[in-house]
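Here subunit A shows up in two complexes: once beside subunit B, once beside subunit C.
For the complex of A and B:
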């Protein structure tokens, strides 16, 4: 991973303790975030998010499928993350698999809510076409192009942006004569329905280095972490998912403290993302 | 198999404080749990060490319908392909039997459990005590009856202790499910299937440190607070049961 000398490690630790990090940021400052939408024309929605040197692309494809028999009134969403070996040599072959699955599980936890769908960022019932028969399957594929720490936050932001860029084709349904018939579906290639993204959360990862915690850690800072807590927060300030990474134990009061800091930071992040999305959409229209 | 099961539930004061709240909720949503427990009562915990002879240490845990065996092998020499390391390595694997779930072979849905078990345990083990070597933790879920991962984590830490691996503390783990305003501790599989949200904590009670924490669904901060308090208290009680189980073997 990152080869750091003892001096460099001290420098990182000391900087974080003094609230002035190696790149001049304060502990709770994000790197500049840049957003592009519609980067993949073949997908229903896509986005590229750059957070410092971290670079990710998310594409969203919608396909018609059959709803699960246990939940006939809900569509399906699947999140896959791919760590490409172009980002780091460690991701070659099966090396990226562990990180990929860790990221996809964490993102699914953040976006899909509980079993009954409460707190889900993506409203699964909006994906239904004919109850029990036809629904939209949403495939969210993330690709890590370049990794400089804080992949989870970047991917979550990219998913949020990509969802706001997603158009689901309008469908006309012919139910057929008898209720047993498979309904005929006519997919329009001109009319698209916009996706409601008001409930989609953002993820804020707080990385604990020494006695302090920082947001948006770079790869070097991440190599010095003892543990990290990723909190996903929606617009209303409710927590919709939480994952702890890193092995070291944390005092419960520290975790609660981290949650309240994450809540505060996330509201800034949401407004930054909103204005970036608006700017990116305006760019795309030109 | 459980002849004289020891039960554990959060402390009386907490129970009493929430009793009043709960009564109000009961008026709105009156339901009882299928196994007759109260919302804040855990299933009887049965734990024994020495389930497998070939392993350095092993444990069997039975929490209601959830039955788990964990074997620990090592510390043994790391694979040749591994780079030199001056701390030990921990390798965790969780598998389900094909007959563990109502529908055959459903257990493969839980691929992330291995890495979650690893994260829950790695903070508790003193890896510096066995450089260049690997400890393997293999968990097998015989029957999945809800709260599988917390049971796996608790059982694995008991097996590690049985194998004589140096640890800072035992790791015990408990989860709660959220139904509307109700918090239900140690949910069964049926309850987990229709929960609004869940929170799982793995902690080292003596050090009062959380090693693993996951949360799904929508939560307010106050609710997280309440759920964490409930879990930590239950973890403490569970750790006492685990400790007495180890003492029994030693005496």
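For the complex of A and C:
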């Protein structure tokens, strides 16, 4: 990224303080979101989300596998993000690995809850086929094509849209003679079950620049931040995850304030995403 | 398997043997890059982004009288039917990166930009045969979008030979059939071949025919 001059930095700080950012937005406004579903035909579900110049694609593939012995009644989900060097030359070779791992882990924390599977935004028990023997493994793969800040929010939105587009094939199970037998599973090509996404959260990242917080920061604004808090909120206004990484220390009252701001902003984001999903589905049906 | 129907002469996807798949290109898809392009050949979808000419990152690699051209080819996890574990760094990706770099280096007027670096990044979003060709076509468009001076436009396509018929622009099924396949890159107006790779598998004898 090209460095910013002192004048440009003052401009960004001053604009945010006066609730008028460089692209004309208010502090708590998102950039226009554009959503496309079904962009990867061979995947079970896919979505492409554009948030200004940030462009991400998420694809979801379901494969049959064996459930974890600790959780025999739940399926498995793995999230893997890849930062393509087309987004920034620094991501060439292994340069993007650190950011990719950070995003993958943050998203896994937001969507999948703790180690025991409690508090997961995705209902893992809906992925079970035969308890203890056969379950669906969902592989959620994200690719960052173009980056202009706020990757976490864009990826989380794309995962939510892709999940709403995902069809898990219906399975006919033949249990076999004895309980120790591996059951025969017949995966249907015709019928699909739509994934239930009512509990899936969105992520809102609040970036603190100076004394104010902004939502949906661009790359330039992110370079000026002192710290950032990412809050994952679901439809009911419940907090599903919270991350504050590095940067300047924040007073606890500031964090509580940021959480309530994030809750408020997320309801708007959820309704925008829902209407975009509905529009995309209507387009797909035509 | 009948790759070419003996009665109608149509291929598996309904094309004639000398017919290409539908192509589509779009420029400027990555706003942050100096030049970028999306190129589709049938179901194969590829994005190329060009960053440069800019200062050389690794001074040891700097060339004093011409620009340094670097290229990286990556395939997305979801690009193939079976999910890939390693998006880049495997041997095939390294080889294709090298091929694209050499092809584009031949057509860029590198002597006009000494001490600088041009990065070409190609990302495959969907692979359905002919990824090498789609990448070269996308890279050409991206370089043009970046305003980098070139001798000529490089265009590329693949071809094969199945069921005693030469076939143009193989898709994945035809490519994995085991017949020979050739990828050609040509400087369009100058009419010079800049890339030629032939892969011969399981063929006992290959006669040379001059195509029409």
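As a working rule, the second predicted complex is superposed on the first by the 279 of 286 C-alpha atoms of A that agree within 3 Å, B and C clash if a C-alpha of one lies under 4 Å from a C-alpha of the other, contacts with A are read in each partner's own complex, and residues count from 1 in each chain.
Simple rule for what comes next: a contact is a pair of C-beta atoms (placed from the backbone, for glycine too) under 8 Å apart; a residue touches a chain by one contact, two chains touch by 3 or more.
Computed from a predicted model, the values in this text were never measured in an experiment.
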{"item": "Partners on subunit A (subunit B, subunit C) - clash or fit", "value": "fit"}
{"item": "Touched partner set for A:247, first subunit B, second subunit C, both or neither", "value": "first"}
{"item": "Angle, in degrees and to the nearest 10, that opens at subunit A between the C-alpha centres of subunit B and subunit C", "value": "120"}
{"item": "First, second, both or neither for A:111, with subunit B first and subunit C second", "value": "neither"}
{"item": "Partner chain(s) touched by A:136 [first = subunit B, second = subunit C, both, neither]", "value": "neither"}
{"item": "Which of subunit B and subunit C A:101 touches, first, second, both or neither", "value": "first"}
{"item": "Partner chain(s) touched by A:93 [first = subunit B, second = subunit C, both, neither]", "value": "second"}
{"item": "Touching partner for A:84 - first (subunit B), second (subunit C), both, neither", "value": "second"}
{"item": "Smallest distance from any CA atom of subunit C to any CA atom of subunit B, in Å, after fitting", "value": "9"}
{"item": "Footprint of subunit A on subunit C - complex, ascending", "value": "29-33, 36, 43, 47-49, 51, 70, 72, 74, 76-78, 81, 83, 87-89, 119, 121-123, 125-126"}
{"item": "Subunit A-facing residues of subunit B, complex", "value": "111-112, 115, 119, 122-124, 178, 192-198, 203-204, 207-221, 224-225, 228, 232"}
{"item": "In the complex with subunit B, residue positions of subunit A that touch it", "value": "98, 101-102, 105, 109, 112-116, 118-119, 227, 229, 234, 238-252, 255-256, 259-260, 263"}
{"item": "Touch list for subunit A against partner subunit C, complex", "value": "40-43, 46, 53, 55, 57, 59, 61, 63, 80, 82, 84-89, 92-94, 139, 141, 143, 145-148, 219"}
